[in-house]
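By written order: A, B, C and D. Residues from 1 in each chain.
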Amino acid sequence: MHNLVESFFWASAIALAAPILLAALGETFAQRAGVFTIGIEGLMLSGAFGAAAVASWSGDVIVGFAGAALAGAVLGALYGVAVVLFRADQVVVGIGFNLIVLGATSMLRRGLFPTGMEVPSTSALDRHELPLLGDLPWIGEVLFDQSPIVYALYVLTPFGVFLLFRTRVGLLVRAVGDGALASSAAGIRVPRIRMWVMVVNGTLAGAAGATLVLVNAGGVFVDNLVDGRGYLVLALTMFARWHPGWVALGAVLFGAADALQFIAQATFGGHVPTAVFLMAPYLLALAAWVVMGKRSRAPSDLGVPLLA
Amino acid sequence: MTQRETDTRSGTEVEPSRAPDPVRGGDRARSVERLARLFDRPWPSIIAAFVVSLGIGLLLVVLAGGTAAEAVDVAYRSTVGSQQGMIDSLVYTTPRLLVAVGVIVALRSGQFNLGAEGQLQVGAIGAALGGAFLAPSIPGPLALPVSLLLAMVFGALWAGLAAVLKVWRGCDELITTLLLNFIAIYLVQLMVQGAMKDPSSTFNQSKRVIAVAELPRFGFTRLHYGIVIAVACVVLVWFLLDRTALGLRLRSVGYNPVASRYQQLRVGRLTVAAMLISGAVCALAGAGETLGVQFRLIQGFSSGFGFEGLAIAFLASLRPGRALVIALIFGGIFSTATRLQQELGVTASLAYVVEGLPIVLLACAAGAQALRAQRKGIA
Amino acid sequence: MSGPNDGDAALLSLRGVCRSFGTTKAVREVDFDVVAGTVHALLGENGAGKSTLMNVVYGVHPADRGTIAIGGEPVRIESPRQALERGISMVHQHHQLIPSLTVAESIALASRNTPWRYDRRSAALQVTRLASRLELELDPEARVGELSLGDRQRLEIISAIDRDSQIIILDEPTAVLAPTEVEPLFDLLRGLADDGRAIILITHRMREVFAVSDAISVMRKGELVATLATSATDPNQVLDLVIPQRHRLAETSSAPGVAEIEDVDSAEGDLNLVAAHLRPGRATPGPDALVVDALEVAPAPGTTGLCGLSLTARQGEILGVIGVEGNGQHELVEVLAGIRIADGGHVVACGEPQTRGRLAPHTAVVPEDRHREALVLDLSSEENLVLPMLDRYSSVGLLSRSRMRADTRAVIEDYAVVTASATAPTRSMSGGNQQKLVLARALAQSPKVLVVSQATRGLDPGATAEVLRRLRDAANAGTAVVFIGSDLDEVVEIADRAVVMYGGRIVGESADPDASRDVLAGLMVGADRDPARD
Amino acid sequence: ACGTTSADQKEKEGSGEQSDGGQPKVAALFTQFVDQGNWDVTGYQAYEDMCSTYDFDCDYVEEASYERAPALLRQYAQDGYAMVITHSSGYAAAIQEVAPEFPNTQFVLFSYATDTGGLKNFSAWSVDWDQAGYLQGVIAGLSSKAGNISIVGGEQIPSTERAMALAEKGAQSVNPQAKVSRVWTGTFVDVAKAKQVAAQAIDGGADFVIPMADLAGQGVHQAAEAAGALSLGEYMDENSKYPQAIVTSITVDMAGAYDQIGAAYTNGELEGQIVQMDAQSGAFDFAPFHNVDAEVETAARKVLDGLSDGSTKVPSV
């Protein structure tokens, strides 16, 4: 099993973790504020499509990335209108939203790019070794020879922790998710905070989709590219007990479980059915969930629309 | 404008010329409430949501090159307008309705069963195990009941696992059931690639279910008795929740586990019971597809009924009777979308949009209604 | 209707305010003025509309009709936020706190001048500073969810005061406070009023009304029936306004040991309750019914747990268990109900030992928290009523709806429960009526031991008297009633015998509670405890 | 290659109605979208060509999930379609259910089939994936300098499974020392995962990666191109997309096959047969070679020719 300490394995794990972590950070804030975004799958997919579409129009992947974040923000806001302002049931809206986005991105892809998408070179977002840090043995290869988006996550994750636990904004977000009525009675504009959180969540999910298509898939958009990662994000968020730090760790573990499939299949393939490897990450997650057990406590108004 | 109106309504004497009330800013929610008045009655709002989504659907059809008249004609013929349309709609309704009714049991008992998809997948495994492997060696009349029973047992155990983990370890069933969905899908794959694979087949599928284990069909149509089972489940679940002591216990635990414990209800056991029943009913959806449509376990036989059924359950306010109506409508939409594609060459993607829209719009209508009711104190 | 002072001087004035919930007209055409610099008491039966009226002012339930003016200027208040911006703050009857936050975070959240960066240390300082104004202590880092009810109440009060509002509304703030804490609160309220603020205080305790208020308004069935200057009235007059039928009540209660609402002996100054004198039914109580021996439960934040609690209740008596909340009462009830398994000790009821994790034999329990522990609010009265006796109301698993309905009707009539229908969710019932239902359910099981906790919390004098009368009836019928309460006066009134709970054990006992009131009061706050016993 | 479309042949065929223009109505089912990836795109092109060549009145359905397949087939048959072509082996079950009820409609499966259940109106054009896989392996074995080859599969379906096994044999037939690893990603759409898996394989020493993952195969090409490794196109010439990585593509003559289908239908020769599409029938060819020495092409062609004239047989697995 010497493969498990290989730097490339962990570098892969981190690369696979990036889009999941990006979306899960947004989802952490959303869930902390009480919004359970089943539609994160759709938000990510719209980001992926937006990134590919804008990048092929503008000929610039950075613009594409920004476009995806913007698309995510707009859809996050629309999603917010439904679940926050209209008090629609969050699970139902999420299920419907995912269907709509799946259909709409496919229709748009064919309507707007009948001859296929011409995504320009994604080299700007590809791996860039950091000077000095990148030269560190092992660590450098794992952590500092990555996409700039991964570097952004090194900053974003601690910032998320700071924001959530050390600022008034974070306090508001936590309060709104843990006692929406009480917060409202304390004069907090619960809908406004939840709307903002949904915009942030949409932006990050859009960026996650963009990362997936521009970095991980090298600019190739295919319908349903996200392929269930949104649900993984939901699981991860809850699993990590709504703490950005744990979310990051969990994302890397999921990434590692994914990356492990290559090693495992290459090692044991033929003796063990593939389906076993494919379900392994979920089995691991389930096992971890069972071991963690009662320690997790969800925000008490998670998924509950504010009726006031 | 709107502000003036409200002002007069609430009788506050505010000068018309006065600068905008600084306090007004944040309270956009009030305008939602005003909108919500459109949805004062549930049935009109349900109809309105469907009409709006179908309107958008029509628009998309026209954009995609069809004409509205054609589309309406297709919609008519693929639902109530032709025998085949009705049959297709009912066939598509069946699994969705079963899932909806199944999750209603869990949701009303306070268990957030997000795992209907997984439960129907393992249900399909059970049904195929019974219908294709066990049935040849048991007396004919038992083949179908045994297959259905096996499916229910599998589904119940799958859901029960989540419940047991909740009671034993306090694991939130939401996550557990979500993860079990993925595992179940790969479990089906494992089965059709390995233990249950039909060696003569060139695809990942099990042996064919033997004839006596098939769900009987109406005449020579493809409509199988799954719809009868589904409707029976609607009645049974209503009866269970509303008319039995167990149902009352389940609902009590669902609303308030703490108070239920003070009344000596066995919260742990009831939690497990709710999930067992829920899983068993959801599993019937998988059994119906296996024994009535595909006649074998086949990889990818479900196109996400699990989540659609969940949406139907919520849209029906967790009432089995309403779920029947809404599931029928969704069956019709699915049938229409399929035919639109066949006849007008409209892309399959449109179907997703036309299905998703009413789900979202109905949820908005229901939410706005609940908000208004709460504000006005009408329970 | 105008206040004792002229309407023009009023800081807050309401005109023609109406608010309905569906078909319930909770507040009708109320004109209400509160003058700056006064403490204004608002009284009325349960369901009279006091909380609703204040919720109109605070924007929780905006008025259907009517106007609100502050300092003479008409304002629109449609959300709590708007109320706060107008200088109105409120301590709610049902706590509006967020369990996962710490005390300091809760204060910071409510405060209008928390900077963008939340700093733990300065937030903690703020808590200490505020708490000291009320002469109380609160751990800034404690989680709200782990606080006792009393501490939560304290937290609500200090956070309302922190806002520095012109108008402060307190909806039954003293219901869960220790007697010793009421004084500093009232001192503070007086001080705030003297600064020129207007304080509105809702309470059911006549003693408090006369201790602190300048003016008294009384509501009945949604209408404001009278506003009086406190100095110009007396408790009897006020009580007559609050419960006009009280004399009729007294007439109907003929059986021995039944509650009688008598005129208040104002000279004594004992204005608590409705002075419901509940005469003990029997001179000699029967054999031991409930024996609790050396119960141990580990302490948790906000509670002392139980450390070797022993007590005995005898048939036919009401045993008062008095104590400030958080001294193990909740744990005791949980153990008796079988919800919590004690770390040590045992319980024997009517000679039968309790099975671990089950309700004590022949026992019925009325837990303290009506909404969380006693009722399933989304179920109807009839469903709630049959929950513990489902076997009686079902055969082969099928519910007998007709029998449920018939029996519920009987209970509703017998207990004069006011409810829209037996099939309406209990959520829609008022607190007093909910409590009657809970008590009826407990008694319907014909228990030999009845444990009731904080049974009269938030109930108006009429409902309180009714509940106490039922308990006395039960005791007279031979039941051992364990009456756990935190209102000393009430316990003293009803109990045949009283024990004091402090620090999770019994620290004193009195066979004549009435006579030893002061001693009991001291024991409640740990005064007379012998340190050597620790 | 078309025979005469005589009226009596139509009669004998007993096929369903014709459209207004008198053309036979034909429909096709695709599992994914006809404008994405390579499998459905190539198939759809061939289908279109067939339609115009034989003047059929053509319809098709994309994303025809197996759930809907029985309904779709039945629907088409009831609507009087003369022929329904399904472009995936997964539809076999649905055809076997529906075909007996509609003897007037011809059902044709394109991909892989070993059995048409004795039905007169169920024919199959079965691509010999064994040979295709073998050829892929041969090219990889010839091109790989390190002798380290990795195959990245999508969903694990039997035809791909066989192809993988044969690819290993093929590689070892030209380079006995060749080390071949196989990995399944479990999905045909997850480009990102396929890319990461391929990158890991390359990091582990592979210098040739073979995608067998349909849409997701693009990720494999990307990984190869990024790391300077080589890869292989599927079904059609894909070199233009990843010119530095793709050595060649094993093309499957879907156009020819569909043409045969069109002809067979028109001539009334669809009789429940299974038409093997293999090297002998000229189903496989190579797209122009790039990025490797000319000997590779020469050697590969020799194997292909051997398969064609029967002198080479793929080993059994």
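Simple rule for what comes next: contacts are C-beta pairs under 8 Å (C-beta built on N, C-alpha and C of every residue); 3 or more make two chains touch, one makes a residue touch a chain.
The structure displayed is predicted, hence computed values, not measured ones.
*Asks:* Compared with chain D, which chain's mean CA position is the farthest off?
*Replies:* Using the mean of the C-alpha atoms as each chain's centre, the farthest one from chain D is C.
*Asks:* Chain with the smallest distance from its CA centroid to the overall CA centroid?
*Replies:* Closest to the centre of all protein C-alpha atoms: chain B.
*Asks:* Rounded to the nearest whole Å, what is the centre-to-centre distance of chain A and chain B, using the mean of the C-alpha atoms as each centre?
*Replies:* Those two chain centres are 26 Å apart.
*Asks:* Between chain A and chain C, what is the separation of their C-alpha centroids in Å?
*Replies:* 47
*Asks:* Using CA atom averages as chain centres, what separation in Å is found between chain B and chain C?
*Replies:* 44
*Asks:* Roughly how far is chain A from chain D, centre to centre by C-alpha average, rounded to an integer in Å?
*Replies:* Comparing mean C-alpha positions, chain D is 35 Å from chain A.
*Asks:* Touching at least two other chains at once: which residues of chain D meet that condition?
*Replies:* 156, 186
*Asks:* Hunt down the residues of chain C that sit against at least two other chains at once, touch-wise.
*Replies:* Expected reply: 79, 81, 85.
*Asks:* At least two other chains touched by the same residue of chain B: list those residues.
*Replies:* 26-27, 186, 189, 193, 347-349
*Asks:* Could you run through all the chain pairs that touch each other?
*Replies:* A-B, A-C, A-D, B-C, B-D
*Asks:* Help me check something: in the complex, which residues belonging to chain D touch chain A?
*Replies:* Its residues touching chain A are 32-33, 35-37, 150, 156, 181-187, 189-193, 195-197, 199-201, 203-204, 215-216, 218-219, 222, 226.
*Asks:* Using the touch definition up top, name the residues of chain A that touch chain D in the complex.
*Replies:* 3, 6, 8-9, 12, 15-16, 19, 106, 110, 114, 116, 126, 212-213, 216-218, 220, 222-225, 227, 258-259, 261-263, 265-266, 269-270, 274-275, 277-278
*Asks:* Using the touch definition from the top, list the residues of chain D that touch chain B in their complex.
*Replies:* 27, 59-68, 70-72, 74-76, 78-79, 89-90, 92-94, 96-97, 101, 112-115, 126, 155-159, 186
*Asks:* Using the touch definition up top, name the residues of chain B that touch chain A in the complex.
*Replies:* Counting only chain B, the residues touching chain A are 26-29, 32, 36, 60, 64, 114, 165, 169-172, 174-176, 178-183, 186-187, 189-190, 193-194, 307-308, 310-311, 314-315, 347-360, 362-364, 366-368, 370-371, 374-375.
*Asks:* Within the complex, which stretch of chain A touches chain C?
*Replies:* Listed in rising order, the residues are 165-172, 174-175, 178-179, 181-189, 297, 299-300, 308.
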